[in-house]
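Each of the next two complexes has chain A plus one more chain, namely chain B in the first and chain C in the second.
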Partner chain A sequence: MRTLDTEILVIGSGAGGASTAARLAAAGRQVVVVEEGPWVDPDAIEPFSLEEMVAKYRHHGSSAALGNPPIAYAEGRCVGGSTEVNSGLWHRLPPALAEEWRRTYQIEAFTPDVLDGYAELIEADQGVSYVPAAPPTSSALLERGATKLGWRSVEFPRVFRYDAAGRGTKQTMARTLVPKAVAAGSTIMPGCRVLKLVGRGSRITGARCRATRPDGTPEDLLVRAEHVFVCGGAIQSPALLQRSGIRRGIGGGLKLHPTIKIAARFPHPVDHDDVPMHRITEFAPNLTIGGSASRRAHVALALADSGALDPEALADWEHVSVYYAAIRSEGAGRVVAVPGVASPLVTYRLTEADVSRLARGLVHLGEALLAAGATELVPSVIGAPTVRRVEELAPWWDAVTRTQSNLMTVHLTSSIRMGETRDRTGTDSFGRVWGYENLRVNDASLLPDAPGVNPQAAIMTIAARNAEQFLAST
Partner chain B sequence: MSMLWFERHAVASLTETTDPEARAAIASFVDGTLDAMPEHLRTGVVVETLALTLWAKLRRADPGAVVSSLARSPIGLLRQYERLLGSLVLFAEHELAVDRTT
Partner chain C sequence: MSEVRGGVDEAAPAPEVVVTGAAGWLGQNLVRALVGRRQRVRCLVHRVEDGPLLQLLGREVEIVVGDVRDPAAVSRLFDGLGAATVFHAASVIHPAGKVRELFDVNVGGTEIVLDRARSSGAGRFLHVSSNSPFGANEAPTDRFTEDSPFNPYLGYGRSKLEAEQLVQRGHDRGDVSAVILRPPWFYGPFQPARQSTFFSAIRKGRFPVIGDGSQQRSMVFTGNLVDALLAAEVAPGAPGQAYWIADARPYELREIVATVRQALEEEGLPVSGRGLRLPALAGTVAAGLDGALQAQGRYVQPLHVLGELKDTIACDIGKARRELGWEPATELLGGMRTSIRWCLDRGMQL
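After this line comes the complex of A and B, so read on.
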């Protein structure tokens, strides 16, 4: 078995891993980043396409949390992780949530002031910005619907840089912090899966990996490190720790944003190349309304989720866009590593209140879209009626049930919570795993609860804060 | 694990395009995605496939017709089976249509 020595091993190269590696490398630390997925040129593949699903998504995007109902979810699996496949929307962690988490989990140095300080630096560095021109029609429709109803809506900035012609480029980790970490001396190893952490007592000494040689053949590799950061995301990080025999406070409490959709048909064409940057925030953070990727294939899937694909609506797909209502869920899930199996078992238990909240979200989304001028609404609920007027929305309240609703999510968090309440957390306030001197987690797993918004900003902010604390303490 | 007999026939039946190249690409995408699924999910799908194979053979029914009939089944697992195969075919079919027009 080949052996590699480094001071710091970072496992995963998404929002958490890339942020960690870039900061530590910039401070002169020796860093090796291992990433299970491949390096994919960010310019080579069209966003939200079939090719992207195959190249950049774990399991080609076909994962699900088992439960009643099952909830489909997607994770990135490539250099840059989920930042390569998400919409790039940037939501700072709401101060009220940060304060609630700080109190509940006794998280040190977790005040809005501290977090905003890191967020400002990241935003300047990553080029977080608003669309320089008018937002696309699909986005403006959300604003129009909210305005007509007297609801709050907000255009969110994105992790995008724009050229003089207004063309935007998403600032994914593969474009920004991964190259920055490499320029500062880090080594990035794509195609390298960590099988298990190894160590003695309270010290982790490294990781046993299955790497891919340049010729494509596999090789066993032992990476020895003085410090290890696990940054594989809310599913893979707890699975790795469990495979390594570390189980206390690990894998329970998984949170996600259950999401229900509507395919909305308008009397005019709607853009399909971008994701709306407006969100209706009237009911936030417990319920957020926004827009999804709406390429022809996404429209077809959304129409089919009603249980009966209307060929006439599908033929008119250029007038159809897909919107969603996402909730903060009372329920929770679990990640369990199964011996001898590569993929962990993921379960999620939705509560009755969650189901009610989803029904409310669907009806409010319908109200907003009709107010925006939609002529036909097809919900992702089997057997629910297609709606053309506000008066027809009432049956949706009863139609949203566990058995009839098709739910999905792309936001997964909270499977290794941080804080000083040892009975409810897996790590201390800065991601150090309880019982281990030199093992840290630094990704979405640490968020004590689902934030109700795209978590990338919260993940990067917390990762930067934890990396700085590590530098100050070691 | 590659697609099983029933799955291959169901995918062929659910695919609308008559273009042989597109049909092959769709089948290849579905095959690759089923193969890439988490092991426990794939195992569940295989068990359902075997049960449906038996059902289709006994009834001398077309796999595509059997799968289509599951969309409104009162049994959640059967609906999810139809949703899985139907969604994969639908997504690939319409993505490939985009490719052909751009």
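After this line comes the complex of A and C, so read on.
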């Protein structure tokens, strides 16, 4: 077996891994980043297209947390991870939530001041901005609906840079921090899956990997390292630790933002190139309303989620746009590595309050879309009536049940958790795995709870903070 | 809207009011207190058959039939009103089998009523909450105050807590001017069937007293609660505040049972000499089963009631007395006799 030696091994190249690698490399440390997915030229594939799903998503976009109901989820699996496929919406961790986490999990150095300090640096470095011109129609419609009803709505900034002509480019990890880490001397190895961490006692000595040679053939590889950062996201990180025999505090407590959708038909065409940057925040933090990617395939999928896809409904799909209500959930889930199977078993249990909150979100979302001028609403609930007037919304309350609702999520967090409360966390306040000297986690799994907002900002902020603490202490 | 009275800046009672849950236990009492004193009493009732009897109370009573979860119905409820006072009394305490309804109605309904109160420019928003967001006291002599920490008891407690949080959020961000009232166990006219069962069980010696009966319970006579709502509508410092509302003092459970027996006898009903005592363990087992079933989404009312009977749930009404200028006028024996007479007048068998 080929062997590779490095000071630091970073496993995963998404928001957590790329942030970690770029910081450590800039400080002169020797870093190897292994990424299970391929390198995909960020300019080569159209955002939110079917080709993108095939190239950049795990299982080509379809994974599910099992439960009643199951919740479909999507994860990026490519250099840059989910930052390559998400909407790039940027939302700092709300200070009240950070404070609650700090108290509940006794997280050291986790004050809003500390976090905002890192967030500001990242924002300046990455480029976080508002749309320079008028927002796309799909986004403006959300704002219009909210304004009609007197509801609060906000345009969220995104990790975007704009050229002189106003053309925006999402600042994904493959465009920003991965090249930065490489420029500072890091090695990035796409197509390299870590099978298992190896070590002795409280020290990890390296990782056994299945790499891909330039000619495409597989190769077994041992990467030996003095320090290992696991940054595979809230599903893959706990699965890898469990496969390596590390189970205490790992994999339980998975959180996500369950999301219910509506395909809304308008009397006019709606743009489909971008994802709405407006959100209705009237019912935050427990409920947020926003817009989804609405290419033809997304529209077809959303219409099919109602259980009765009328082929003619797709004829004027340009008039249809997909919107969602996402909730903060009281429920929790679990990630369990299954021996002999590459993908872990993921389960999630919604509470009755969660299901009620989803129904409430659907009714509010329906009202907003009707106020925005939608003429027909098809919810992602099997058997739920199509709605054309506000008077028809109330039956949705009872139509939303565990068996009839098609739910999805793109935000997965909290499957390991950081903090000094050892009975409730898998790592210390800075991501070091309990019981190990040189093994750290630095990704979405560390967030003690679902943030109620897009998590990329929180993940990058926490990853930067933990990387700096590592540099100061090691 | 406010006027100066004796140097105290006090809001005037609004000529227009909205009552949700108007056909309920509290709502029936409240609407009767409002009729004759307001120009318009707009009532939300869930069932069409609840409308006509309320309508008979006066020309100012206007009925809207609809579900508090229905945005269109709640829009009709506020249609054409200006700065109306809102009494939000619609709530589910004992769902028919499914826990989910607690959240749909108590949280979802509150969110929609709050939204329409805001968009219609309503006046004060009086929100009827509960003791349940606070759980039980540790010792029989402990009292909840407005500073006690939240500790919601099962589904109902969690739903009422979330509803309170929505109301507080609405107040804090200026959507409504809200006052939260937290009444415990009601008694009084227009009681539901479960309270009549309570009277019958005591009369027949079948009401279970758990342990030695020294656990204390705050109760509230519906008339006392109506008085508190009307006081909170105008009290100058009330918006943004929450208040415990109950009778003048908590009662030991054995005192409640003895008083109901006395009230039944004084209203001419013979009472069995027997009593039913259950060990404290019975309450604990019932509470455990109730919790396990609720986690599965199921609600069994007798288990829930039995599980709560072991506890002290008592509050201190000092803040309401001081700030609302309100005093509970009716005490237990008189209030229970009124309730029993109400039942007998309607030909109920107790």
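By definition in this document, the second predicted complex is superposed on the first by the 472 of 474 C-alpha atoms of A that agree within 3 Å, B and C clash if a C-alpha of one lies under 4 Å from a C-alpha of the other, contacts with A are read in each partner's own complex, and residues count from 1 in each chain.
Criterion: a contact is a pair of C-beta atoms (placed from the backbone, for glycine too) under 8 Å apart; a residue touches a chain by one contact, two chains touch by 3 or more.
As the structure is a prediction and not an experimental result, all values here were calculated from the model.
Colleague: Is A:Ser49 touching anything from chain B or chain C once the two structures are fitted on A? First, second, both or neither.
Modeller: The answer is first: A:Ser49 touches chain B but not chain C.
Colleague: What is the contact status of A:Val363 with respect to chain B (first) and chain C (second): first, second, both, or neither?
Modeller: second
Colleague: A:Leu393 in the overlay: touching chain B, chain C, both, or neither? Say first, second, both or neither.
Modeller: Once the two structures are laid over each other on A, A:Leu393 reaches chain C alone.
Colleague: For A:Ala304, select first, second, both or neither according to whether it touches chain B, chain C, the two together, or no partner.
Modeller: Once the two structures are laid over each other on A, A:Ala304 reaches chain B alone.
Colleague: Can you tell me which positions in chain A touch chain C when the two form their complex?
Modeller: 149-151, 282-283, 286, 352-353, 355-357, 359-360, 363-364, 367, 390-391, 393-394, 397
Colleague: Which of the residues in chain A end up touching chain B in this complex?
Modeller: Those in contact with chain B are residues 49-50, 54, 59-64, 68-70, 295-297, 299-301, 304-305, 307-309, 338, 341-345, 382-383, 403, 406.
Colleague: Within their complex, state which residues of chain C touch chain A.
Modeller: Result: residues 67, 69-73, 75, 98-100, 102-104, 107-108, 111, 115, 118-119, 155, 158-159, 162, 294, 297 of chain C touch chain A.
Colleague: Along chain B, where are the residues that touch chain A in the complex?
Modeller: Against chain A, the touching part of chain B is residues 29, 32-34, 36-41, 71-72, 76, 79-80, 83-84, 86-88, 90-98.
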